[in-house]
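Report on the following structure.
Residue numbering begins at 1 within each chain, and the chains themselves are lettered A, B, C and D in the order written.
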Amino acid sequence: MGRKKIGVIGTGRIGKLHIQNIISQIPDLQIVAVADIAIEDNRKWLESIGISELYVDYRDVLSKPEVDAVIIASATDTHTPIAVDAAIAGKHIFCEKPIDRTIENNEKVMKAVQDAGVLFQTGFNRRFDHNFARIRQLVADGSVGDVQIIRVTSRDPAPPPIEYVKVSGGLFMDMMIHDFDMVRYVSGSEVKRVTALGANLVDPRIGEVGDVDTAVVALELENGALAVIDNSRQAVYGYDQRLEVFGSKGQVVAGNDTPNNVEYYSSDSISRDKIYDFFLDRYPDAYVNQFKAFARALNGEIEVPVGIVDGLRATQISLAAGQSLREGKSITMQY
Amino acid sequence: MGRKKIGVIGTGRIGKLHIQNIISQIPDLQIVAVADIAIEDNRKWLESIGISELYVDYRDVLSKPEVDAVIIASATDTHTPIAVDAAIAGKHIFCEKPIDRTIENNEKVMKAVQDAGVLFQTGFNRRFDHNFARIRQLVADGSVGDVQIIRVTSRDPAPPPIEYVKVSGGLFMDMMIHDFDMVRYVSGSEVKRVTALGANLVDPRIGEVGDVDTAVVALELENGALAVIDNSRQAVYGYDQRLEVFGSKGQVVAGNDTPNNVEYYSSDSISRDKIYDFFLDRYPDAYVNQFKAFARALNGEIEVPVGIVDGLRATQISLAAGQSLREGKSITMQY
Amino acid sequence: MGRKKIGVIGTGRIGKLHIQNIISQIPDLQIVAVADIAIEDNRKWLESIGISELYVDYRDVLSKPEVDAVIIASATDTHTPIAVDAAIAGKHIFCEKPIDRTIENNEKVMKAVQDAGVLFQTGFNRRFDHNFARIRQLVADGSVGDVQIIRVTSRDPAPPPIEYVKVSGGLFMDMMIHDFDMVRYVSGSEVKRVTALGANLVDPRIGEVGDVDTAVVALELENGALAVIDNSRQAVYGYDQRLEVFGSKGQVVAGNDTPNNVEYYSSDSISRDKIYDFFLDRYPDAYVNQFKAFARALNGEIEVPVGIVDGLRATQISLAAGQSLREGKSITMQY
Amino acid sequence: MGRKKIGVIGTGRIGKLHIQNIISQIPDLQIVAVADIAIEDNRKWLESIGISELYVDYRDVLSKPEVDAVIIASATDTHTPIAVDAAIAGKHIFCEKPIDRTIENNEKVMKAVQDAGVLFQTGFNRRFDHNFARIRQLVADGSVGDVQIIRVTSRDPAPPPIEYVKVSGGLFMDMMIHDFDMVRYVSGSEVKRVTALGANLVDPRIGEVGDVDTAVVALELENGALAVIDNSRQAVYGYDQRLEVFGSKGQVVAGNDTPNNVEYYSSDSISRDKIYDFFLDRYPDAYVNQFKAFARALNGEIEVPVGIVDGLRATQISLAAGQSLREGKSITMQY
C-alpha cells in the first residue's frame, strides 16, 4: 500500500494533462521521472512543479528502480516498443489508446505483459466519465434488465488537420475506437458481427486520402443485443457525446454536458449555451478518475479496470469496421 | 344520471370556448339554450352547431324547465344578479371567475345558492391543468410531506388595453386571483396573512390609473407554510405559468408547457421554441376538464370541485392584497 | 371551396377515431355516410352523433353522388379493392397505411388513382406530429444545413397479440414502415440502400412465427446522408418515439412527450411521470392535423401532403429490409 | 505582475479548501505561510504540500515582509481584529463572509482598509459560480433588459447542529446573507426596503433558541425591481440553489446542478440522481474562480470583484431582515 512512484513517458498535450491531474488530485501517485524526446521544451514547467528527474530517453525512466509504474503517452507508433521494454523492466503500465494500430503489436505487448506479470491499464478514459459510469452502474445492477439496444453518438466539433487524418489509422481506429470500447463496457458483452456504413460529407480532402468523415456502425453482440454507433468529424454545435442503453426493464440515457444550465427566455426562443467543444472540457473528471482507479489497482485494491484485452478488442473491432466498409458486407469477429 | 341539459349565458370569448368544448368533448352535457345581449352576432354559428333556442334575455333560459344548469360567462358585473336569479329558478350554476369583485355580492350569491340548494362551481380552470393537478395530487398523497414553501409565477405575455385595466378591479383581483386560488388549492390551507409589494414597471399608463403591473405577494397560511406569488403584466417571452411546492419530504415543480420539445443545436446555442403566449393554448385541457368535473358533480358522482366559498376566498385575499399594498403593511385575513 | 362531404369505410378503432376527430375539430369536412361489414355494432353511436346513412357494403357509400371523398380505414387486405373502386367512382381517397403489403397492389391502386385523376392521401399521421413537423420545418428552412445523419427510435410499449403478429406482415411492414416514411419525410431524399439487423429478444413466440421483435436498420440516402432506425416491440417504460437530424449547420432533436412536466424531488431521486404508453395519447394532434391537411387538399389550397408514392416507397423499403435481414446483406433499392 | 505571496489565517474546513485550490489551480498565488491556533493538527499535511512556515499566532504571518496578501478564514468573531491588523501591516486581504456580524465592526474594518489603502475582497463565492456568473453576464449585457423581478431559492440539505444555530447570528446572517449579496450582484442595484416572513417548521429546537428555519424575504430595490428570496434549513432532496432574473427583454433561469445527467426510464417513472447535497460539491468552480479573480486584482488587472462595501451591505440587509421579522413590518434601509 501507499504512494506509488510513477514515470511519465511523453509530454505532449495528454502527457501534460496526466501530470497536472496526478499532482493536483491523485495524492496516491507521485511522479518521480519524466522522459520525452523533446524534454527541454518542458523542463522549466516540470521543474517548477517539483519534478527534476527529466530525460530524453524513456529507458532512463525504466532503469530507475524506485519507479513502480509508467504512463505511456508518447506517439502511438512508439507504444509497442516502450510497453514491451517497460514490461521487461518490471514496471506496471498505463498506456494511452490505441495500444497499437495492428493486432500483431497488440499481441506482442500482451505477451510481454503476461510474461512479466505486470499490470496494464488502457487509457479508455470515457469509462470513467460521470455520465457513462452511471449508465454502466445501472446496467450492472440490473436496473436496465437484459440489454437489447445500445445507441452511441460521438461527434467531434471539427475535423483534425488533413495531415493528421492521413496517419490517424482512419475514423474507426482513431475516433470510433472509443465507442467500440464503450459498447463493450456498458454491455459487458463481446461484439460478434460488425456492419459499417461510411460517407465523406464534411471535407472532400478526407475522402481523397481514403477515409470517411461520417459513419454509422451496427454491431451484433454475443449476448444478442444490437448496438449502433454514429460518428461525425464535424458537429458545428460542439463535441457531441451521448449514450443510451435499452433493455428488458428500462432505458438509461446520458445526454451532453453543458458549461452551465442557464436558460435564457427571449422574445424569440428559449436558449442555452452550447455544449462543450473540447474534449478536455467535456471529460475532466474522466481523466482524473482513471488514475484514481489506476492508483487503487497498483495498491491491489481493485482489478485493473480497463485491461490489455480491452485495448486489443477495440483495435480488432476497428479493423473489422474498416474491412466491412471496404468490402460492403458484415464481418464476423474472430478472437 | 345521464346527460344534463345546459343553458349558456354570455357568448363572449370564454362563453364560445365553453360551448365548443362541451359540444366536442363533454358528451354528458347537452347545450339546449343560449342567451346573450348580442345574441344575433352568434346566431349563425350557434345554429350551425345545432343550438336553436337563442335568447337576448338570460331569464328566458332560466324559465326553461328542462334546463338543469347554467353556465354564467357574461360580464363580471352581471354575475351576481344572474346567479341569484338562476339559484331562485333552481338551476345549478357554473360561474366564471371572479364571482363578483365585492364581498357583499359574493355573499349575496352564496346565500341564494344555499337557500336554493343548487350546486355552484367557480371557474378556476387552472386547478384542472395537467401540471397543477399532478402537483396537487403529489401534495395530497403525502409525497411532499408537510407543505412549507409555495412559489407561484404567473405572468401575462402583454398587458390588456388600458381601458380594460381601468375596470379590471386591479392586478390582484383580475390576475393574481387565480394564484391565490392556486395556493389554497395545492396547500389545502387557508391564507392567514397577506403582504403585498407592487410596482409600475411595464407601462406608465397602468400606474396612472392607480394600478400596478408587477407584484410580489407573500402569504402566511394557517398550516404554517409560507407562499410567494409574483405577477407581471408583460413577459415578452410568453405566458409564464409555473408552480412549486416544497415540503418536509420533498419538492414538486411544474414548469411551462411548450408547443413542441424540439431542441435546435446551432453553432451559437441550443434553443427551443418559445412557450405559449396565449392562455387558451396553455390551458386547453383545463378548460375541458373543469366541465368533465362539473358534469360528474351534476350527476352526483363527486362533490363540486371548486365551490362558491373558493370563489369568495380568492376575492377576499385579492382585496386584502390591494389593502396591503395601499397601506404598506401586512393584512390579517378575517373570514 | 367549402365543406366537403366524406364517406368513411371501416369503423374499427382508427375509423372511429377519424370520425370523432372530424366531427369535433374539422369543420371543413362533413361525414355523410359510413360503411362497415359490422355496421350494426356502431349504429347507435353513429346515429347519436348525427350520421344516419349507414351501410354494410362500402359500394353503397361509393354510389352516393354527393360524397366527395372516402376515408378507407378497413382491414389492410381490403384496401386495394376498395381504393380501386373508389377511384373508379371518382372519389378522392384518404387511405390508412400501409396501402397494401404487396408492391403489385400498391401499383394497381396507383394506376386506378392516376387514371381517375382523384386525390389520394396516405395515412402517415406522424408527419403531422407537433415535434416531427417542427423538425421537418427546421430541415426544410435550412437551419440544419445538409442532412448527414438521421436517428429514429420507435418502440412500442408491448407486443401485439401473437395472432396479430402472424398476419402483420412483420415488424418492418407493420411498425418500422412509419419510420421509413419519417426518414424520407425529414430528409426530403429517397433511400438508396438498406441494411437490416434483427433479433428476437422480447418474446420467443415472435421468433417462432418467423418475425423479429428488435431491429436496427441502417439506410444510405440518395443525398448521401446515413440514417439509422431502431425498433423494439416492448419498451416497458412506454411508447418511445424520438427523432434526430444532424447536418452541416446543426442538429435538431425531438424527445418524447410526457403527460405533464412535473418534477418530484424526493430524498431518493428526481422523477417525472412516465411517457405515454398509447399511440392515441402520443399522437392526438397528428391524427387531427392530417385531416386538416386533407381538407385543404380537397379544397385545392395545398398539394396532398402524403401522396400515393409515399405509401408505395415505404412499402418497398419495408420489403427490402425484410430481404436484407433474411439474406444477411445490404439491399440496393430499385424504384 | 507575477506570482503573489499569500499567508493563510485559519485552517478549518474552508481554510484547507482554499489552500488546496490555490496550490492545485491558481499558479499566480503562492502560499508561503499559514497560521492557526491549532496549527499542529495540520502541520503534517501542510509540510507534505510544501508549506513550512507555520504559526500559531496570525501576527507572525503579518510580520513577514514578503507576504503580499492574507486570506482570513478563521472564526467569524476574529475577522475584525485580524483584518484591522492586516490592513495596518499593509497586507491585501481576502476575508471570508460575513466580515463581521455587527455594522460597527464592519465599519471598523472598512476604515482600516481605507486608511491603509489595501485591497479587500469578501468571500461571496457564489458570484463566481458558473450558473450565477452567466446570469449576471446576461443581465449586464442587456439581454434581460430592465430587471423587474428576481427570484432566489436557497435551501440547505439539513440544519446545522443546534449549538451552531445558537451562535450563528440567525438564518438571515448565517445563510440568507449569500442571497442578499446575490440580489445586489445580479441586479446591480441597492436594496431599498426589506420585508421578512419566517417560520419554524423544520426543527422546534431552532425556534426555541429564537431563530427561524424557513423564511421568505421580499426586497424592493432602488432601481424599482422586486426580489424574493426563500430559504429553508432542510431540503431533504439536497442543496437547492436556484436563481431567476426577469426583465423587460426576457428572463434567465439557473437551475440546480446534478452529479450526472443520466435519465433512467423504468416501468414506474423517469428518474435522475439527486442534486448535490454538499456545498463543496455544488460550488467547486466558484471556490477556485474567486481566487483567480483575487490573483488578478492583486496584479492590478481588474478591480476587486467583491469589495468591502459588498460585505457591509449584506450584513446591513441581514440585520434589517431580522428586525422586519421581529417587528412585523417592512424596514427601509439606511446606508
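Throughout what follows, contacts are C-beta pairs under 8 Å (C-beta built on N, C-alpha and C of every residue); 3 or more make two chains touch, one makes a residue touch a chain.
Predicted, not measured: the structure shown is a model, and the values here were computed from it.
When every chain is reduced to the mean of its CA atoms, the largest separation from subunit D belongs to C.
Simply put, of A-D and C-D, more C-beta pairs touch at A-D. Mean C-alpha positions place subunit A and subunit D at a centre distance of 39 Å.
A straight line joining the Cα centres of subunit C and subunit D is 57 Å long.
Across the assembly, subunit C contributes 235-237, 240, 249-251, 265-267, 273 as residues in contact with two or more other chains.
Residues 145-146, 148-149, 151, 153, 155, 195, 197, 199, 201-202, 214-216, 218, 220, 224-228, 230, 232, 234-237, 240, 246, 248-251, 328-330 of subunit B touch subunit D in their complex.
Subunit B makes touch with subunit C in their complex at residues 23-25, 50, 130-131, 134-135, 138, 143, 249-257, 259-267, 273. Taken in their complex, subunit C has these residues touching subunit D: 235-238, 240, 258, 265-275.
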